[in-house]
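Here's the structure we're looking at; comments come further down.
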């Protein structure tokens, strides 16, 4: 529950000031730490302002889909844990958490971040199934961007567990890393009134009329899009948002590369 | 029970009454009314308190006073083996319930009829003793939230491996001589000032004499844990006084 | 008999179950209790040693409504004969028609003409039952609808410190930033001014909230505001003005229950 009205956020934005003092295109400081969780095959904690997400990777051996006998699987899941926010409740995943997971999942999948054929153990019989779980500990907006950074950092941090005689030995990690190729970076741009912002706080996210998450690869190729919010966007606005997202993604990519 | 199986020395070199390294913090969850963090060895627990707040669903309201409602959850990647499926399991529901019962005796919510105090416990990684770590984190969070409590609640497992009584068994010790009946793992929560026991469970086998002795000799350990919990709260205020997060 | 001994100092932070004193010479006050021959804390708080009495000021906790408190609330529902007001506590309150305005409200009138959903009001608690059913009133000096501005939540236990002695702390922030500020006893703070000034005012209130237990806070805040705004503040003048303001009863008297307000002060 927020106590600050949309009108006030907008009236302040019209004067070029966000309630936390940032400029419209300013990201909060981002920090990335990897390998914090010993029980996961890979892990990362990403902080951005008062948003903090833990990502953990678990791997298991499973049977491939019949139509893709040589491919392992990768999936991203997210849960809005009630520990992080008084508004979140225990129970089945909300549409917000499903969207969060799916947007990140699509970015990772479409950019072919992981070569799924490299996850094959025995064609048609056994493949690695990689699960990335995102758990926000603190939430103050922009969960998609922060969650994605955490997911990518955790994948980069992952080491295969030992697999022998049909058994996974989770206690023994090998040196083998996941084949992480292209790194997709989503950046969410919101429109509040007629002002455009990056890295929205929870309040800004809540009052936003429209938002667009643009996931780009290193060369600027767009690999996933998600428009949210009730207001429509003009093609010009979409173009402007893509430019902003691409520029911001460069900075985030630099922070990510430095942390790995 | 064969008595010639001897556990001579702890595999990690600890003394019999020595816990794994402990780290505790308060004020780690920004939006919560109070929060705590408790790490023991590689077991890590976060807890957040929300409330007293309005109780939903309404039929659970208690007109005589506030209700404490604990929720224990393992993050999907927190188990030593396969991924833990998200959502409540029989195990997590039972642990939530015993956590609740372990904290209720110290908490006073008389001023808050019909309200609820929600305690959410999350474990990012576990290596034995996760329910005890959860209880320790939750007690820090409740104290941090300004809830009236006559004391902390400190929790740790006591037990027997082979012929030795000890505290804070880790996974390797729990697994030592598995199925041989030579290991007893007994999570205990205690109100340190009175010595009252608020959580008592056991896996394994033990004699009454050994059980009582194991708990009695661990009394100073509970007091030490409570000190760490209290210091966590003081550290938060010291941090704030220095203008830090 | 064992000699009595104090194990903590005045202004120390004490935590639940902590032994504050041993022996029978000391007496428990608010926030402490006797167990056998010891005095223990039963809430996280700031210790006050008053002769032989040991009591604490809480440093955290949800707002528990009390009669005559002036609070800031939000209209969350419109009822048959009044409004439901959310007052940031486990219990919502009701503003009955008769206490909403000095105007005569005709039967069947559209109540949203007076207060509509999401409106914010400064109101006063007139009644609290044993089960915490709460009535509030808008009839009284300074009770009003708040327009514009932003609302931040602070821990209700810190409100006395944010207000300060006879309103001196909040007056200093107002003076320093040029913002209008209202502090509800329930931990909702309203801040309205130029956007950049509001940011400083919010930071200032957050700083007071976090450092409420620190000695010398008034001076620290003076320094903070002067650094951030670049204007000098005259503490004596602010104090005089705050006193005059709180004496003139047409202003809302955002005063806390006396023992709590006094207990935070380090510089009496």
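In order of appearance the chains are A, B and C, and numbering begins at 1 in each one.
By definition in this document, a contact is a pair of C-beta atoms (placed from the backbone, for glycine too) under 8 Å apart; a residue touches a chain by one contact, two chains touch by 3 or more.
The shown structure was predicted, so the numbers you read here are calculated from the model rather than taken from an experiment.
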Subject >> Selected pair, greater C-beta contact count between A-C and B-C >> reply: B-C
Original post:
Nearest chain to the global Cα centroid?
Top reply: B
Original post:
Which whole number of Å gives the spacing of the CA centres of chain A and chain B?
Top reply: 32
Original post:
How big is the gap, in whole Å, between where the Cα atoms of chain B centre and where those of chain C centre?
Top reply: 34
Original post:
Can you give the whole-Å distance between the Cα centres of chain A and chain C?
Top reply: 40
Original post:
Residues of chain B touching 2+ other chains?
Top reply: 53
Original post:
Any idea which chain A residues touch chain C in the complex?
Top reply: 3-5, 7-8, 11-12, 15-17, 19-21
Subject >> Residues of chain B defined as touching chain A within the complex >> reply: 28-32, 42, 46-48, 50, 53, 71, 73, 75-83, 86-88, 118, 120-122, 124-127
Original post:
Where on chain C does chain B make contact in their complex?
Top reply: 13, 15-19, 33, 35, 38, 40, 42-45, 58-62, 64, 90-92, 130-132, 155, 157, 207, 210-211, 213-214
**OP:** Enumerate the contact residues on chain C facing chain A in the complex.
**Re:** 74, 88, 118, 120, 148-153, 188, 194-196, 198-199, 202
Subject >> Residue numbers on chain A that touch chain B, as the complex places them >> reply: 36-41, 43, 50, 54, 56-58, 60, 77, 79, 81-86, 90, 92-93, 131, 133, 135, 137-140, 168, 170-171
